[in-house]
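Next come the structures, one after another.
What follows is a pair of complexes built around chain A, which joins chain B in one and chain C in the other.
Now for the complex of A and B:
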């Protein structure tokens, strides 16, 4: 047990270093931007009619004149104390914006993550078991088609069919327009989150299904499956008892690694459905030059991704005894 | 009649993809002008014989705009995929050959780039370059090399232990000679396949980032721009504005995805019997 903890601690340290790197990279990229936040948010015409003092005050507000290194160190020292600064566009602490946005995004992403994982694994196992026959061809073709489809276009199509033509689902937002916060029911929220979650789940299926299929094909060609067949085991039993166990490990890795793609997809999908989540806030912050907010979002999402990888690493040990021993030796 | 074998079919697919690439590039160059012609007497036409893809709210022919946008996307895709693949080759080889310290730094860098969701990273890099064409190209090119670099690093690590490389080193060939004569030819197939498989990702991310407003500016006829404009007209029932350009994009990307898969399988002798 001791070496497991040591292993986790080493991973955590690496993760902290990586997060530091991520924040520095994001900060440098944003402060290298030649786009002037005043021009973007105030506009040329308004700037022309403003007095010099007002412009100087605004420049101060957007932090145009401070040297980057000083700003980064200032940000870092307060970030370590849990204060990520104040969003320049929303004018509330970044932590609060992140909390609110995360709340609505998390359900969306969690639903899509679980759904796409289960569906992808099932389809992959089905395709691998029927290798070369029509279910395999169908699933493979579908997966290639889906992985070539941009998430935002799929979202547009679903929106067109279900919201505009059939009128079953709302066009956007996460709650009905004009409703009081107290009057919003869970059913309302579910109805608004359904299409975004569906889009994300559909796009997430392709990778894991194709990968699982490849692995299962490999397993089914192995010697121990040949032996099992010679012993007279039936095909379903082979797939369930030998196939699934060996396919589970790569599937777990892939599913945890797909968190990064999932967040990327949610940025696009939330933009199409005007769903007030983390992704939409990222786009707003990026277009408006809101450095503290975008920095906060980048660090938070990176933490999610690294956390996912860490979970996968730890689960490995739990699932596969071979790796457990390998990790101990390292 | 016997079906042609895998190799032949892949060759046909390569030729087909090359033909499509060329046709779209040529058509796009010819259509860029036609795609910007506005004619308010034919606004908002649904698809018909004269305008198979319909027209938009300024009377621009959507077929011409789609072709122009697709050719722009293809050009960006080829450019960024090539840059990404070269970066991956350089970093992957460097990590495997230049010693442990370089390897640690580079693998940390790879983890770092992989840790930030692609779209966010492309957004950030594009912002740093001031958006526009340069922003998109830099963003996509600098964020897609990670997985290929890892693959190539593993490959080089294995190759270094191969007997013929060891013998070449003992016979006194320099590192550069070994790399050029023994490592590169072996890496080339992996590299080319990786390049082609990068291509769909590059195009999709270019379109996505442009769609979000961080990429090409709105006067350029990129697919992402067309689709993001079509979003405002969706609720009024103008489905053709988003359906056809998207279909064209999906078709092109899928062609290259299939091509890359086939090449990969050809290079992997274990799965050639499929």
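Now for the complex of A and C:
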């Protein structure tokens, strides 16, 4: 029990340091950004017609003249108290923006995560089991093609084929244009989330399938598989009894580590589909100089990624008998 | 009686790709001969890393895809084709592997010994392992336990031929003796046991017959009794091995075995052989001498030496 608490404490400390570092980096990058929030958000023409006082007030609002260190410390001290500030662009508390955006993004990412995990594992195992033969070559070729395709390009392609040419799916947004919030059905939401989720899964599958295949090939060349063959086990039985078992552990780690890629991918994909999720908000906040919102998003996604890796660690301990039994004996 | 296993002029080589696409054939086993009868323990003795394990894999038909096997393998008088080996392995022909590395690290021992739970317990019990052993993972086994578990996997079938690959490394003399005792029991039960080892001394404690393996060849097949006296041994290398035994003064053999791929023409032992003569660079026949066989032009025994 003692070492478990120690483990948790260590992890929490690391998480705190990580979030601190990430928020500081995001802040520094933002301060170094050549974009002038006033010009971007108010517009050159409008600025020209304003009086000095008005401009000064705006500058005050966007925090242009405050010393960076002071701004960051100010943000940090309120963030520690749970207040992430108010979004400068949306004029509502950052926490609320995060909550709303997270709601739509979460479905998207969860669907893509599950789909790419299952599909990637299946394809990887299939390729590994048939290594060197045509199913393997086909799957590998496809994966390499996909992983060298940029996510946004794939998104555009799907958008063109399914929405523009075939008209099966909507072109963008998460709900029908102009519909009242109450009138939006679950089917509407699913229809809108389908293409972005598909894009994200397709790009996610490649990495997981290729990794799983490598792992399975390694397992199939191991001494214990050789011995299983020596004992007359058939090839399918070897893959099912020994292959899956030994591929499961690395697959879990990979699956949780893929969360970071998923978030990265969602930024581009949401942008293409104008899907109002976290990723799109990140782009808007970054380009619009909305410092509190950007910091909020950064911290939230970093925490998500960290949480994913933590889950992988914990699960690993629960699944791997070496760790599980080793810990029990201590 | 018809032998269980006959190996004649067996060779196993590997296709290797050097830098670029240059292929080269690496002979790991070049001329291996051996006969093994039911109820017999035959030991193939050769230094570590000399490719002896490949003999085991060849018999079971589980050589890697880039290996080529030639020569004759007969099981119960019939050619042991890959198809036949596939049908027999795990049932009549079983392998006792070298280490726990040959057990699935993430599967409990019990189901790996036998799929049937009761049967697995029975077999483990036969080797003094309690039913709780079945719930352990391979990494939790001690050295001696691991050996017994590995033997259990073989006995779960009812084998006619047991191929044991280096079954005693890392054990002290007493534990090793106990493990070898289990193999003798199997032979007494009617199975033929092929023991592949680098340890001549241990092999002699249970083997009826010893095949000496040098640089990819069996240089001598002799009844174990011949090892009682140096004069009864035929090949100069066998005598050198005898001299290297602890009870005969640990006299080491000068020189080293040639690497596969760099084996001299003619007798591979020639560079280290005290009896070498001019014709040793030519073809060396495998001849029968005094109830054993030897691959030497000037055997130590049989020429009035």
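One rule holds for everything that comes next: the second predicted complex is superposed on the first by the 321 of 330 C-alpha atoms of A that agree within 3 Å, B and C clash if a C-alpha of one lies under 4 Å from a C-alpha of the other, contacts with A are read in each partner's own complex, and residues count from 1 in each chain.
Throughout what follows, a residue touches a chain if its C-beta (ideal position, glycine included) is under 8 Å from a C-beta of that chain, and two chains touch if they have at least 3 such contacts.
Keep in mind it's a predicted model, so treat the numbers as computed, not measured.
Of the two partner chains placed around the shared chain by superposition, chain C is the only one that A:227 touches, whereas chain B remains out of contact.
Looking at the shared chain after the overlay, A:305 reaches chain B, while chain C stays out of its contact range.
In the overlay built on the shared chain, the residue A:73 is in contact with neither chain B nor chain C.
Applying the stated contact rule after C-alpha superposition, one finds that A:160 touches chain B and leaves chain C untouched.
When the two structures are aligned on the shared chain, A:321 is found in touch with chain C, with no touch to chain B.
Counting the residues of chain A touched by each of chain B and chain C gives the higher count for B.
Contacts of A:21 after superposition: chain B is touched, whereas chain C is not reached. Of the two partner chains, chain B is the only one that A:282 touches; chain C does not reach it. Those residues of chain A that touch chain C in the complex are listed here as 223-224, 226-233, 241-242, 245-246, 249, 320-322, 325.
On the chain B side of its complex with chain A, the touching residues are 108, 111-112, 114-120, 123-125, 127-128, 130-131, 200, 204, 207-208, 211-214, 227, 230-231, 234-235, 237, 239, 242-243, 246, 249-250, 253-254, 257-258, 261, 271, 274.
Considering their complex, residues 14, 17-18, 21-22, 25-26, 28-30, 32-35, 131-132, 144-145, 147-153, 156-157, 159-160, 164, 171, 217, 260-261, 263-264, 267-268, 271-272, 282-283, 286-287, 294, 297-298, 301-302, 305-306 of chain A touch chain B. Those residues of chain C lying in contact with chain A across their complex are 57, 60, 62, 86, 89-91, 94-95, 97, 99, 101-107, 137, 139-140, 153.
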